[in-house]
Amino acid sequence: MISLLTDFGQKDGYVGTMKGVIHGICPNAQVIDLSHDIPPQDVQSAGFVLWRSYRYFPKGTIFVCVVDPGVGSDRHILAVQTVDYTFIAPDNGLLDFVLSQERIRQMLYVENPAVMNSTISQTFHGRDIFAPVAAHLLSGFLFTQLGPLAHFQLPPDPFITLSPSGNYEGKIIYTDHFGNLITNIRLEKGENQVRMIKVGNREIGGLVKSYAAVAEGEILAILGSHGLLEIAIRNGSAEAVLGKEMRIRIDVT
Amino acid sequence: MISLLTDFGQKDGYVGTMKGVIHGICPNAQVIDLSHDIPPQDVQSAGFVLWRSYRYFPKGTIFVCVVDPGVGSDRHILAVQTVDYTFIAPDNGLLDFVLSQERIRQMLYVENPAVMNSTISQTFHGRDIFAPVAAHLLSGFLFTQLGPLAHFQLPPDPFITLSPSGNYEGKIIYTDHFGNLITNIRLEKGENQVRMIKVGNREIGGLVKSYAAVAEGEILAILGSHGLLEIAIRNGSAEAVLGKEMRIRIDVT
Amino acid sequence: MISLLTDFGQKDGYVGTMKGVIHGICPNAQVIDLSHDIPPQDVQSAGFVLWRSYRYFPKGTIFVCVVDPGVGSDRHILAVQTVDYTFIAPDNGLLDFVLSQERIRQMLYVENPAVMNSTISQTFHGRDIFAPVAAHLLSGFLFTQLGPLAHFQLPPDPFITLSPSGNYEGKIIYTDHFGNLITNIRLEKGENQVRMIKVGNREIGGLVKSYAAVAEGEILAILGSHGLLEIAIRNGSAEAVLGKEMRIRIDVT
């Protein structure tokens, strides 16, 4: 299975063209859209969406990620193999969230022309390189033949983990379609000790268990579906009301 | 086949994640997007889109509908079986349009943890409950094992049916991508007797047979593709010009 | 394989309904979305997206194109067979880009009711005609049985080809999701001779090899992925800054 993540939008046929290329090489490929509405050139949002989603895909899935403002320059294209998945993305930080949390088996630069289109444009490597690489891998092409070993430095952990007791300060790292603000504060185990949360200068209570636990239009903090602290407004957009530039402070016992 | 209907939007990877979960459970599932751009929390629009579309899907299709502002609260999740289809949705009125028109075989509350993810988040039941339930059903899990019988009250008919002769008053119940205004006035058999249509205070002629039957920019009334009276502007947006709050009066002989 | 191109948008379930119809007729159909976000009634943009993309799909693909402001009027529906592909579209110019570049085998008017829904609405031929026609063709229905031969006049070449030496004037024919402005100036072989490019009154240098070759926010000209001259702004929207109404002048040696 191939999963596609781009900032190409839905209008121009770029994504459909990539799928056409994939099916031309691997007719029975299953292709699933992860997102194509990453804001243009927003490498961090792409990385976050990928990190939050990839574990829910079947083992063996090949993730093709094309948010690539450096297309046509001398930037590398990375291919990463972990125990369960393969990731292909420009070497621009897009994979940092995933790489900081995953055990990597092998990381290569994609350079083998045998897995690319015969003509390569300057502006659309999604069509000319990323799509055919993924389709060839799915058809059995050997990962190790994609190119030479990549230089790799483990990215720092992007999340703040709460150790019992103390004050922590985090920030908004992603805003979703509903205007929910997702922070870099990892709550996974600490959610029972949260005493106070401050959004900018505004104190809000502790965590609630559902959006419906507060009145319509009220601000709330909740443990999001990916283990991070999330700020929301019931039936409204926290982004529209609060913006997304504020610091988030949290106090745990 | 599974068909997905949500208000998740296209940006965040929520829909792709649901598909990942489905394919992890049922690798050969066919999944078709009905819509993911229902306005956030707009349960009625979701219900209308579902009603208008479901009959065109192959028998056996499982419709998974997640417009769910009550996620994480104690709202129930409904599973409904009709002669031809299965519907899964929060118990918030989303299924009212369909239920008012369909013969129901069985209606249950989804409660069996065997068909859910092992961990269930507070905010993303699409991933943790709805998607796995549908995938398990598609893989042969027995409908009757999903949970206990639901309490059910037949919703009222949402449409106004024209009996020969008289004046009727309806309203706009849905606005589509083109800005066409869809009313709750069912024309199916009465379209030949329409004498006069009034949109707010504006009298427009009778029904036309195609958008192209009037000049560009002119308002028209037409029998929509789902048997309802529709107000449109040729090559323009009736919503932008007229709004959607007005009453629609219709006079039939 | 069937590829769908419409201006239906993502919200209303129109596209999902077409897929439901297709799978009801041809259960194993592979259906790929080319685009559904063509601006409403923008026949030219649809034609351009189709032209730019179709060659990347597997041979045998059936392209179903529904940007159809004349739906319900007496406009014809065309079915076109080329050596490798089939195209179905309203007879409104949508296919002009493709037809001006392709060798046509046969062109018919779709009129055979055997390949349509039994009930045909006035407003949604995507569901009632286009989808079933494509599904029946994919299931083996004979192309020649769709209807009578169409009257056909070869459309003029929409592109300007640079012959060595001289001044040429072109225009913007498409704006993509990133705000890149695509011109009708075909560069394929002439790109090495470009001396000067003028965008409206603004002189910009010659062609660059990648977006990253200029500073952020700077205007650039580049050979696009479809062989046409493209005007862009690095990490920005050329459309937002420049508009799309200006003339493009190019000087080649």
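Here the chain labels run A, B and C in written order, and each chain numbers its own residues starting at 1.
One rule holds for everything that comes next: contacts are C-beta pairs under 8 Å (C-beta built on N, C-alpha and C of every residue); 3 or more make two chains touch, one makes a residue touch a chain.
Everything numeric here is computed off the predicted structure, so don't read it as measured data.
Visitor: Which rotation angle, from 0 to 180°, best lines up the CA atoms of chain A with chain B, given as a multiple of 5?
Guide: 120
Visitor: For the homomeric pair chain B and chain C, should the interface be classed as same or different, according to whether the shared residue numbers exceed half of all numbers used?
Guide: Both copies touch with mostly different residues.
Visitor: As a quick test, compute the distance in whole Å between the mean CA positions of chain B and chain C.
Guide: Those two chain centres are 31 Å apart.
Visitor: Identify all positions of chain B at which a residue touches two or more other chains, and write them in rising order.
Guide: 10
Visitor: Which of the residues in chain A come into contact with chain B in the complex?
Guide: Against chain B, chain A makes touches at 1, 3, 5, 10, 30, 32-38, 49-50, 52-53, 56-58, 61, 176-178, 209-213, 222-225, 230, 234-235, 237.
Visitor: Would you pull the chain A residues touching chain C in the complex into a rising list?
Guide: 8-17, 19-21, 23-24, 27, 40-41, 69-73, 75, 121-124, 127-128
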